[in-house]
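One structure is given here, and the rest of the page talks about it.
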Amino acid sequence: MNSNAFANIPEWKEVFDTLPTIRKFFAGDPHMLGLNSLLENLSIYFDRFMDHVERRDPFVWYNLGFSSELVYAMGDACPLPVELLGAVHSLVGNHRMSLDFIDTAQASGVPADCCSADKLAAGAMHKGVYPAPALAVGVNTPCDAQVMNAQILAELSGAPFFSIDVPYHDDEEAIDHVAAQLKELVEFMEEVLGRSMDLDRLREVCEHSNRMTETLWEWLDWRKLVPLTQSSKVVALTLVLQILFTGTAEGVEIAQSLLREARERSERNERFFEERVRAVWYQDAVWTDMQIYDWFERELGLTVPVDVFGYYAQEGLIDTRNETTMFKGLANKLVRCQPMSRQFRGNIDMYIRDFMNMMEGWNADCCIFAGHVTCKHAWGGIGLFKEALRKADIPLLIFEFDMFDPRTTPWEDIYFHVERFVEEIVAPRKSRGM
Amino acid sequence: MPVTAGVDIGSTASKVVILKDNQVLGQVIGPSSTNPKRTADTIFAQAMAEAGVTRGDVACIVGTGYGRTQVEFADKNVSEITCHGRGAHLLLPDVRTVIDIGGQDTKAIAIDGDGNLLDFVMNDKCAAGTGRFLEAMSRSMEIPVEEMERFYFEQGEPCTITSMCSVFAESEVINLINEGVELPRIVKGLLLSLAGRVASLGKRLGIVEKVAMTGGVAKNAGVVQAIERRLSIQMTAFPDTDPQLVGALGAAAVAADFAG
Amino acid sequence: MPENVLRELRGLIRSHTNRHIDEWKAAGKPVVGFFCQYIPPELVLAAGALPLRLRGAGSEDSSTGDAYMSSHVCTYVRHVMSLVLEDEYRFLDGFIGSNTCDHVRRTYDLFQKKTTVPFQWFVSVPRTARKSLFSYYYNELQKLKVALEDHFQLEISPDRLREAIARMRNVRDRLRRIDALRLPDRPKLNGTEAAVVHLAAHALPPEIFVDLADRLLESLEAREPLEIPRARLMLIGAELDEPDFVAAIESQGARVVADNLCFGSRSVLPAIVEDGDNLLKTLAETYFFRLSCARMIGNFPDRWEELKRAAHHARADGVVFQRLLFCDPWGADLHNLQLRNRKENAFPVLALSREYGVVPTGQVKTRVQAFVEKIEITRAKGAAGVSP
């Protein structure tokens, strides 16, 4: 299939048709620097993607627990997280497409009670909308759903497959264990792709990765200010950064735009909404309807200064002195820093501790536990999480929904849950001075 | 060929067909009850009366449906999946896929050119996409199931019924009613939602034409059309036969094999 | 009479504990519970403790577990945790957690925070059985060994480990013989009975089991072989410790002649060589490389080949894939298996989703009956020389 053929299949054509419209829509707001930069670089990614197809460059498929640095260090290889197309359709509101992926996956034998992120990936692979990979990488984080995704990826990619095990523990041994596998992965990629990794390129990639992380830390600091001036939804959208752009100049640029936007808005005290209540949004974002966060801001005065996807733990940067330190740094990232992988993979203490850090550090009033119905580790820990919050006297809303399938809980219902929580519990409590 | 009978004790309705030389001598549809043994006795007696035969004339009886083990007078019991395939084949030899929406279960059945069962896919445990779903909705809207068809073909855009689960769908329907949404729009939404579930089963099986629908719900032209739309196919209708009787007919045909 | 022994075995597995466990405890010996096959019972046994796979048998309601784990988690795990949280497992002296799956992983959090079980340890098992990852698993088992030694104040010497390996080998030898009796056209025992025996092996001290199994094997010699079934089935999937489910399948005229289940034949590992110089390593290698669970990423192709071989060996007419609702790892296998089977058409497959503790209803029976009929039709066509 040549690139034109790819660009013209409906699943891609709709992306190319929709993205410019959305960009135009947000470009009208010169202060939405972060979102605009994300959209712009997403368009660039897709254009480059098609260039890669045209040049017949090798594609590396992987599932979302992995991050893209090592692929970018392999010269002209193009990283492709297999959830990508379905997630983009969901984000830009082409639900017809994303639900078609979900239904295709179920028709192909993925059980209904499994994660819709997996279904987006499996559906896209079954539909053959991705260029064939030169190799595939599967990783077991952050959750069982990714194990499932990796298993299906291994089966459907039809390419040499390498898997990475990120253990339960997060001690030094765990990091050495992952670092050794990353080194193995590079050897594997070198053999399959027939080229060697360029150490300088890896260093450059790691430096980009570090700069992005540092910039995000600084950005997150601005979001601690009360009231919040930057929109809530951008914090969840940093997931796209994490999966697609870590290790690239574009990633740094997006992070810098987010930072600049937060700083400038705070300095000018520029707000679209009157903040009444601040929540830590724990677990999954409403990817099918990101505008819902705008509604929360406008109608309820509810802001989300931080969530699990945007929270970059301050657990160290990649030491770029030599190959060994870089592998170790990347492993450290996978084990201790990568949003989700850090909190979802191990014991419940880290999950609760990070929540408490967010709660305190970002001056939140409450927690909204957005329970993606098939997120088993989160539901499996819900009792202990609830107890911890009760002990700390933190108001908690728990609701069920599906992060990629609006048929499970329509947005009106989500809005209703959140509205009642804010108006009847959190806001009155705040006014009582609690 | 000898006289044979098929007794299909479903979760909602019970059916009997009496067959000789592939010709129907008698047929009865009645409601199922909490006493399937008595139901079977009663409707079988009615069917024999209609056919003008006595028990001694019937060479073999096959029980099928959920209450198949309760048909004490049956010589064999065979699953309704095999029977629906066989019954559909008897009426329409070109059919290769049968969709049966029953009270508890919905099935997509693949058969060969002789009506033999090749493969089947059934719904998950819950009631979504089954006849039960329609019944529950009919209760909350106070519209008899039979009248839903009329509403489906009225003007108006369908509502979106998002819930997969019949319990939640019921509360969605109640909400819509309380918001003053016109009934035809809700009914359309419901039937499309049901059709979506059924179509997904069909996709899992792999649809081969021609396709026919059996079971009581197949009498609802709205559902049939909604499924046709979801699967982009044209259903083949059974000539002069109530689709609800196809399972019992198939059972009688299987009984003829045994009576051989 | 085999019926007497079978009745006794059935009684011993009816609940999550039994009188032999009580007697073991009364003798002052500890019991250590765990969920997953990747925790070698030999190591626990060598520490003087009874290794016990946790089961939810006897739990009528999972609401205590649900309160902590919600209703979106595996019903098996929720039932077990209901028993744990209701203190029904108060006889446990230890619990070894593992990252088998997210559901099982979260039970360790609950054990830690909600129970007073004195010995608690976690083993992180790599999610891929690659050679280069073996050392991590081996190291985890070495740490477990030290922890057991520290807690129970003894040394797990090579002799102790050798003895434990021999004891578990005796158990597995009996299970292998039981499995062999399932295979003939007219076997000596059916799949439901075999499931009972397998389960008992996980619920009893090894010597008690061996004794009962020997009595059963001896009495089976005189048993009249069972009838030829309408269909020979192989039953696969993850956890299944409910013989009633197997009985529901067999009630439709089918017979489960072989299985690949966690509480079944999958745990009958090849004999572990006892005379090596590093027994723990040999043990670890056997568990790491010879067990094939869907939690292991990338080994589906091997599992598929092994399944075809096993189904062929058992002369199975079809494969029933049972899966507990909400299980992601086995959900992936179900998808991959159906995909491969569509290409290779190796055997008919019936997928059944299941919830723990729910008596199989008409829905299961209807599906199995139709599956059996489909198999019979295919067989009849084959006999008549008609291509399917």
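Annotations
We just call them A, B and C in the order they show up, numbering each chain from 1.
The rule we apply is simple: contacts are C-beta pairs under 8 Å (C-beta built on N, C-alpha and C of every residue); 3 or more make two chains touch, one makes a residue touch a chain.
Bear in mind the structure is a predicted one, so any value in this text is a computation, not a measurement.
Across the two candidate interfaces, A-C and B-C, the one carrying more C-beta contacts is A-C. Farthest chain from chain B, judged by C-alpha centroids: A.
One finds 46 Å separating the Cα centroids of chain A and chain B. Centre-to-centre separation between chain A and chain C, using Cα means, comes to 37 Å. Chain geometry summary: the mean Cα position of chain B and that of chain C are 39 Å apart.
Among all residues of chain C, those that touch two or more other chains are 353.
Residue positions 124 of chain B are each in touch with at least two other chains. Touching of two or more other chains is recorded for residues 108-109 of chain A. Here chain A touches chain C in the complex through residues 108-111, 113-115, 118, 122, 138, 140, 143-145, 147-152, 154-156, 161, 163, 165, 167-169, 173-174, 177, 180-181, 184, 347-349, 371, 373-377, 379-384, 400, going by the rule given at the top.
Across the complex, chain C is touched by residues 66, 77-82, 104-105, 112, 116-120, 122, 124-125 of chain B.
Interface of chain A with chain B (complex): residues 103-104, 106-109, 112, 406-410. Taken together, the chain C residues at the contact with chain B in this complex read 348, 353, 355, 362-363, 366-367, 369-370, 373-374, 377, 381, 388. Those residues of chain C that touch chain A in the complex are listed here as 67-70, 72-74, 77, 99, 101-103, 105-110, 112-113, 122, 124, 126-128, 130, 132-133, 136, 139, 294-295, 297-298, 300, 323, 325-326, 328-329, 331-336, 338-340, 351, 353.
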